[in-house]
Amino acid sequence: MTDGWVMVIGLEVHCELKTATKLFCGCPNLFGDEPNTNVCPVCLGLPGSLPVLNQRAVELAMAIGTALHCDIRPSTFHRKNYFYPDQAKDYQISQYDEPLNADGWLDLPDGFRVGIERAHMEEDTGKTTHAGASGRIHGAEYSLVDYNRSGVPLVEIVSRADMRTSEQARAYAAELRSILVATGASDGKMEEGSMRVDANVSVRRSADEPFGTRCEIKNLNSVRSLGRAIDYEAERQIALLEAGEVVVQQTRHWDEDAGRTQALRSKEEAYDYRYFLEPDLVPLVPDAEWIHAVADTLGLMPAERRGRLVALLDGTDASDAASQVATVVDLGLDDLVVEAAARGVPVPLALKRTANEAATDAGAARAVEVGSYVALLTMEANGSLSATQAKAVLGDLLAAGGGDPAAIAKARGFEAMSDDSLVATVADAVAAHPDEWARFRGGEDKLSQVFIGQVMKATRGQANGKAVMAELQRLRREG
Amino acid sequence: MATPGRLTRDQVAHVADLARLTLTEEELELFTGQLAEILDHAADVASLDLTGVAPTAHALAVTNVLRADQVQPCLDRQEVLRAAPSVEDERFRVPRILGEAP
Amino acid sequence: MSGTGPGPAAELAGEVRRGGRRAVDVLDEHLAAIDARDHEIHAFNLVTRDEARAQAEAVDARVARGDDPGPLAGVPVALKDNLCTRGLPTTCSSRILAGWCPPYDATVVTRLRDAGAVMVGKTNMDEFAMGSSTENSATGPTRNPHDTGRVPGGSSGGSAAAVAAGFAPLALGSDTGGSIRQPAALCGVVGMKPTYGTVSRYGLVAFASSLDQIGPFARSVADAALLFDVIGGHDPADSTSLNRPTPRVLSVVDEGVDGMTVGVLTELLDGVDPEVAARTHQAAEALAAAGARIEEVSVPEVLLGLSAYYLIAPAEASSNLARYDGVRFGLRVDAEDTVAMNTATRSAGFGAEVKRRIMLGTYALSAGYMDAYYNQALRVRTRILEGFAAAYRRCDVLLGPTTPTTAFALGEKVDDPMTMYRSDICTIPTNLAGHPAISVPFGASADGLPIGVQVLAPALAESTLFRVAAVVEAAAPAPVPATGAGS
């Protein structure tokens, strides 16, 4: 980013709710069906039709509000009036000055807090496809409209303009997505459009200056695009301002291939939506009981899951811990680590093995029988298996969805050495190197490698290095 | 409460635009006069001091009307598309759309 | 105790249920009446002969099997053309919906079917229910059966005329600012607007959502009660439908008014034709004779009703009518791009009054004006509710004229919107309050034109409303025959 400038970013995220039916009618809320088969008088906006609010959509919206630490308030619906072919009634039923959720916050993994202004409910539009060379709206000869998506429930989450870098924006989007998935409200798929992110970007020379004119960027299909687009847009605005020109408030479209934003509308005036209270609906006033019921059924959110693991680590110094914790929580594998810890597996080991190995097949790891997984980790922890061996057995375990790690180890020829056999093998190695033993006894710890190497050779790599070390130390202690 | 000024032709033309209506010159003239007269009459409302009076949007004092999240039968697509002015590929066809949604 | 007994529709249904008359014969009689005179009156946009015949035959079959065919068995009912009837044109008397057949029935239509009614046709109306004379119709005006040079009132003029002319004993209309009661008064029939929320609006093409209600037309108060009982009641498809027991009124209609207090609403009498005012006073006397206490009541807030209404209703209408854009149904006038197509379609498809109200409403909602106009009108509504509440602490019902004049001549007011709007001055306040009201025919003017007297009641007090209306009806001078001769 060009020196002498700072950016100001706010994000608006539209999230499709995972309900069985649409927001105001009983049509199925399904992606990918034959066009115009999931429609009725209500979502087609036919004369005489009326909306009726979906209770499950409200619950999911409240779950989102709870997860984002919002106040859940008495709310009303308003009509946002504008003509457009994908808008079946030529107005959208949304929430205006009395949204369901307001004044919340979201903490990024590094602890930075982004304010959430509101998270309100509204209905989705139909989908238009454009007939013409590019499939884009410009240069199209005509367009075709499918109303299957018309009326699908959305929650629009508006952040405060608290972010200052594209990294923060990316982290916000990623964390918000995890939260939305964790609440069960959404599947958070940006590529599929069930989570749509628009970025508002402006620049100024310093935090003392008021906010500059902002532009809204649309068509961001991934977290990575979000970052690229924000950085591009900030530079574009800086270049304009440094050239003595002004930034025109406008909506811009991100062109992933060209790597730039482009203005959509030739003239940007604030559109007069003539918001007024929706007369066909009544106010939504969730009582304390309902709000608590929703909060009570909410599972742990990502931040709480990460916090849980950090607490278990209890200050153990591990440089990879933060990234391992993030990986494990992101992939939904943290319950495995917590369970393993509860059953006595050292936390750093459980964390490392889960983040590094189990994560490579996260789907299988989420499905694996917990007892088997914990037994395997325990075998590695107590020295019955070496790290290499444990990783191999884990692979088999995941592929099978479970099993007996001891049996798998045996089948692979990874028999754990019996204690007598280990003691005898170490004694042999010591006896074979009396000079090195005398020096090791005198304090040259490095020489342990000689004996470990000898034992490994004698056992063809099957001995557990830690167990050998422990035996050497015992021998040294006890004479 | 300040009453808005008398309705002008330009305002009527702007409003017609917002409402996707074109008016002929005569209609514009006629409607401006008629609408101005109606709004003059409405000045008795506009000029009242009603500070502190809550607006009533609904005579009903009802809240929380909800329905269960259960699938209901949809319309038959053929019946729906039969009523459409123009159809292609089982979709509603419209002439080119010049801009994005506002 | 006064009693008028069952009305003609109830009697018809009784005869059909007992097997004394066949529904198909009843239908044929009414179709003959329609064929004899509707070319003159134009009450109907569409007479649904085949569908009606099928319904009548079904009723007769149920009777033959010994099954209960329902409380309206075999009774012909006319439906205002803004009520969705599946597979049958529902045009709202607009070019923009010419020939549009909805793929679903309005809830009230389903309830009529289930009650054994025979739906005989779709009646003419002011386009999208905007008007007070049924002159704003794309299919031409309806004429008052009492004098075909005069209007039947509006916007449910076709339904009122159909009942007045004997084309059907019952009809449904819709009332947003008086569109049932006013034409009922001008045509000499009973017309009632229920408490907002007691009759489902699902399938009623919306004009002003917070004001619209569907209601009955009949030739007697008891028949109106019968029809109200059939169509009323909670509907989960309408979020504004009240989920509590709806008053059932037919059984109490004849219970009289002993001990009730009736308030004659002075503001409604202001500036009204002397003959019309006289009938209200006559009705008050009749109520006194029947045991009610009469008082004079003033609700000055009512005077603000007209202005508030002409801000709220067009505002909601401007939004409700946005969907008529040529995309999914109805008229399309082609153009190079979608905006041009929307504009060409709407400009060609809507009549002048509809355009006027859309623009008025859009203006009232637009940035910079919304607070001065629309929100202000909503505050006035609060005041009107308070005014009525105060009156109803003293009175059980209020009484007044339904309209300021008798039926005016075709063409007389159509060029002057403000004058036309004043026809609704007596009826509008009850729509703003969401209260029920009924117009009962009460004699005629010296030149033979029907006059209506209006009873108003608080929300959900339909039982009281109908009881008072029945007494007024019993005392009414002999009804004027609707021969159309005029004077």
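Note that the chains take the letters A, B and C in the order they are written out, and that residue 1 is the start of every chain.
By our rule, a contact is a pair of C-beta atoms (placed from the backbone, for glycine too) under 8 Å apart; a residue touches a chain by one contact, two chains touch by 3 or more.
Worth saying up front: this structure is predicted, and the values here are computed from it rather than measured.
Visitor: In terms of C-beta pairs in contact, which two chains are most connected?
Guide: After counting contacts between each pair of chains, the winner is B-C.
Visitor: Going by C-alpha centres, which chain is most central here?
Guide: Smallest offset from the overall C-alpha mean is found for B.
Visitor: Please tell me the distance, in whole Å, between the geometric centres of chain A and chain C computed from their C-alpha atoms.
Guide: About 57 Å separates the centre of chain A from that of chain C.
Visitor: In whole angstrom, what separates the CA-based centres of chain B and chain C?
Guide: 24
Visitor: Counting only Cα atoms for the centres, state how far chain A is from chain B in Å.
Guide: Inter-chain centre distance comes to 41 Å.
Visitor: If you look at chain A, which of its residues touch at least two other chains?
Guide: Answer for chain A, listing residues that touch two or more other chains: 41, 44, 52-53, 83, 85, 143, 145, 147, 272, 274, 279, 281-282.
Visitor: Tell me, which residues of chain C touch at least two other chains?
Guide: In chain C, the residues touching two or more other chains are 100, 103-104, 210, 236, 239-240, 322, 325, 327-329, 338-339, 342, 362, 366.
Visitor: Return the residues of chain B touching two or more other chains; collapse runs of consecutive numbers into ranges.
Guide: Answer for chain B, listing residues that touch two or more other chains: 18, 20, 57-58, 60, 62, 65, 67, 75, 80, 92, 94-97.
Visitor: Can you check the complex and tell me which residues of chain C touch chain A?
Guide: Within the complex, chain C contacts chain A at residues 82-84, 90, 92, 97, 100, 102-104, 106, 201-206, 208-210, 236-240, 315-316, 319, 322-323, 325, 327-329, 338-339, 342, 362, 365-367, 370, 374.
Visitor: Residues of chain A touching chain B in their complex?
Guide: Residue list for chain A touching chain B: 19-21, 25-28, 34-41, 44, 52-58, 74, 82-87, 125, 128-131, 137, 140-147, 251, 264-265, 271-274, 277, 279, 281-286.
Visitor: For chain B, which residues are in contact with chain A within the complex?
Guide: 18, 20, 57-58, 60, 62-75, 77, 80-81, 88-97, 99-102
Visitor: Any idea which chain C residues touch chain B in the complex?
Guide: 100-101, 103-104, 196-197, 210, 236, 239-240, 242-243, 304, 306-308, 310-311, 318, 322, 325-332, 334-344, 346-347, 350, 352, 355-356, 358-360, 362-363, 366, 368-369, 372-373, 375-383, 385, 417-418, 421, 432-435, 459
Visitor: In the complex of these two chains, what residues of chain A are touching chain C?
Guide: Checking each residue of chain A against chain C gives 41, 44-53, 79, 81, 83, 85, 88-91, 143, 145, 147, 272, 274, 276, 279-282.
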